[in-house]
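Following: one structure in structure tokens, then a few remarks.
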Amino acid sequence: MINKVVSGAEEAIHDIPDGATIMLGGFGLCGIPENCINALVAKNTKNLTCISNNAGVDDFGIGLMLKQRQVKKMISSYVGENAEFERQLLSGELEVDLIPQGTLATRCLAAGYGMPAIFTPAGVGTEVAEGKEIRNFDGKDYLLEYAFDADFAIVKAWKGDTAGNLIFRSTSRNFNPVMAMAGKITIAEVEELVEVGALDPDYIHTPGIYVHRVFQGKDYEKRIEQRTVRKVH
Amino acid sequence: MAFTKEEIAQRIAKEIKDGYYVNLGIGIPTLVANYIPPDINIVLQSENGLLGMGPFPFEGEEDADLINAGKQTITTLPGSSIFDSAMSFGMIRAQKVDLTILGAMEVSENGDIANWKIPGKMVKGMGGAMDLVASAKNIIVAMQHVNKAGESKLLPKCTLPLTGVKCIKKVVTELAVLDILPEGGFRLLERAPGVSVDFIKQATAGRLVIEGKIPEMTLN
Amino acid sequence: MINKVVSGAEEAIHDIPDGATIMLGGFGLCGIPENCINALVAKNTKNLTCISNNAGVDDFGIGLMLKQRQVKKMISSYVGENAEFERQLLSGELEVDLIPQGTLATRCLAAGYGMPAIFTPAGVGTEVAEGKEIRNFDGKDYLLEYAFDADFAIVKAWKGDTAGNLIFRSTSRNFNPVMAMAGKITIAEVEELVEVGALDPDYIHTPGIYVHRVFQGKDYEKRIEQRTVRKVH
Amino acid sequence: MAFTKEEIAQRIAKEIKDGYYVNLGIGIPTLVANYIPPDINIVLQSENGLLGMGPFPFEGEEDADLINAGKQTITTLPGSSIFDSAMSFGMIRAQKVDLTILGAMEVSENGDIANWKIPGKMVKGMGGAMDLVASAKNIIVAMQHVNKAGESKLLPKCTLPLTGVKCIKKVVTELAVLDILPEGGFRLLERAPGVSVDFIKQATAGRLVIEGKIPEMTLN
């Protein structure tokens, strides 16, 4: 097997240059690559284009990068939880491309599956369709949407082996596997790094061929955004 | 008496049939889960990647890795499955989800919906709403009949940026149940107990179609 | 949970009419729905269009249906192991649409993911491209290929629960999950049927939403096509 | 002396670099696996849905559920992964596989390949070959230089139905190693031990480019 292990977040992101286009896995704060985000904040990489479903919150996740003005452009589907984001957007400091969540996911899939473009009905008849090619199949209109072209994809998995095979836990899976397939260079941080042979080949979510660097992350906070509970009765 | 949010949810729950896969949006739609009749089997889909969503966890049992599309901590039911975002929206586009229930800022008489953006004011993004409304075979909107300024949210034409066009099949508000006619127009099906047809007329800016006697909504 | 259990192969295929378009999972003889094929042979359903990567061998799998002349048309990528198939094809008794294996898989994916068509470079410049739309993206030509439209998909899984969630074993996975997503009605036969809750939600390959009927199959032969072994030294 | 099939495989194995993901076709390419240098780490992809293919099983350990793209019983190595056919060809199309080695009936001097059909005679189908040749970033053909009738398989133009166009980068035969020039033509890189350049010239119908002295192939 090919060994993809790197020493940690710092090494994993060391060659992400200013101006790079990067994908970041996660949905809300669930399944985000905390270690790599913190390393990018520490390194203060600038002018990034970030493809991520959400933009974190003011003091956690991508919000930390926004606060430091590291992000030139965000491509996201929902950014409602981040006041600093909204301020930068309304003031024109930040470019934002808001796209439907399924379009975001499927443009990742297209990149990972070598499909240059896909058709989706999402956004037909709305401002999302502006300037886009529309095509009718069987009486229904679809937009042509292009595969993403990302320099780096950064994902967070539950377990990974040294060959880069990844397993995600529960709904922290979300965008992580599709982004893992979509990066020119894919970096995976995992809660538990294991030897090859420790993971059952039938239950690998992301085969190692898609992963270029893997390391065991540390000090995961895994912050909960909306803590909702029911009463014991 | 106009219905409460809980009652709107309760009324919508009656639209859910045995064997349905259902996607519930944020807000009133989320409440619908509390009123599913116990004698039918349905499955809730959460578009962040889950089929078989269960109730909120008990205190102390929250799992940061297990949330719904509203980012709330939840649980799974036996028989649930987890998948990635591409498959989640794949099954939505392929119309495997039988019913989608979501909120709206505006609905037009031809079935357009606006629920994601107020230019210059609110820029949160559309999340999965555009995918859901573009693909779902059956969409019910749960919302207030009028906004806080007292203006009707059932319009001849939406004034806010659209989320989707000609996609809404039914609207349930605190005042009424209405479906949208293929040729356009809100057809009044039921009214809240004690709410008059005239009152609904005044609260509806779009074309309202009234055929025969309109029964009162019942909740079970 | 919604219960998808039917009594067996006979009930599962009872309403597949003559002339239907059906998908059959499997690669070679690996992971084929043996029980349903036998039931279709017993029922002698006619004029079928079969979408399946291979066509079985003369006395096993889809070969049994060919022998009985139940198949009007095959859509496959490789049919080299079946002499009766070749005879019917060369004599003109059988219509055959040979398409690249990846195109076959991706047209299933397209159906399961609600994408009306996809782009693939496979077959550009060959007879596969005849009559098809070609489009250039970034200097490379791609064919437009349409999503399959199959009345029924019939797949074979290792384990399934009563809600239709499926798990496949080893390389018997192959086309089964993509076809399971692609049928208007999807039938799954499983080696072991379990109660809901017995399968880990994180390791479901096919979520039950895609499966309409599930039953525990019996008497699996699981024939090996090319038995290759190495010597103990 | 012309190379044997085993020696062709052995020569091709030298093209495989540490860290490569490799897809091996049926026939001579399959033999390449036996000659991977022990000091490099590579992963074999089998397009029916496996990364990390291992050797054939020991007698009695065959598993009907575990086969390669040639339908042969195989084993997996630690670190292997299984996936469905859509993902398998997805990673092929996305050029995640570094090297593809496959057989051919004909190769033309501009890099076209024919290996799936003889009209009126053989109708087996293309399997995954068209996907592989259309997508792979690096393709080596392993084949005999001439067919059983003694006719060259390295042609100005293929006569059989094509599998792919302008895709082959290198050809290894029992006589020679040749690469295909961007402007067209087979450039002779190496010759089998004792095989003369003239002999290769006679066996090559397509344009043969000979620059300088041509070394003999070595196997390790």
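For the reader, a short list of remarks on this structure follows.
Letters A, B, C and D mark the chains in the order given here, with residues in each chain numbered from 1 onward.
Going forward, a contact is a pair of C-beta atoms (placed from the backbone, for glycine too) under 8 Å apart; a residue touches a chain by one contact, two chains touch by 3 or more.
Small disclaimer: the values here were computed from a predicted structure and weren't measured.
Among the pairs B-C and A-B, the greater number of C-beta contacts is found at A-B.
Centroid distances from chain A, each centroid being the mean of CA atoms, peak for D. Separating the CA-averaged centres of chain B and chain C is a span of 37 Å. Averaging C-alpha coordinates per chain places the centre of chain A 28 Å away from that of chain B.
Distance between chain A and chain C, defined via averaged C-alpha coordinates, is recorded as 33 Å. Averaged C-alpha coordinates give centres for chain B and chain D that are 56 Å from one another.
Those residues of chain A in touch with two or more other chains are numbered 106, 113-115, 120, 168-170, 173, 201-202.
Shared contact sites, meaning residues of chain D that touch two or more other chains, fall at 50, 76, 82-83, 86, 89-90, 92-93, 135. All chain pairs in contact, by the document's touch criterion: A-B, A-C, A-D, B-C, C-D. The part of chain C that touches chain A in the complex is made up of residues 106, 113, 115-121, 137-138, 140, 142, 167-170, 173, 201-203.
On the side of chain B, the complex with chain A involves touching residues 46-50, 55-59, 61-68, 70-74, 76, 82-86, 88-90, 92-93, 112, 120, 123-131, 134-135, 161-166.
Residues 27-31, 53, 76-81, 86, 89-90, 96, 98-106, 108-109, 120-128, 158, 168-178, 205, 222-232 of chain A touch chain B in their complex.
Listed in rising order, the residues of chain D touching chain A in the complex are 19, 21, 41-43, 45, 50-52, 76-83, 86-87, 89-97, 135.
In the complex of the two chains, the chain A residues touching chain D come out as 1-3, 111-115, 161-163, 165, 181, 195-197, 201-202, 204, 207-210.
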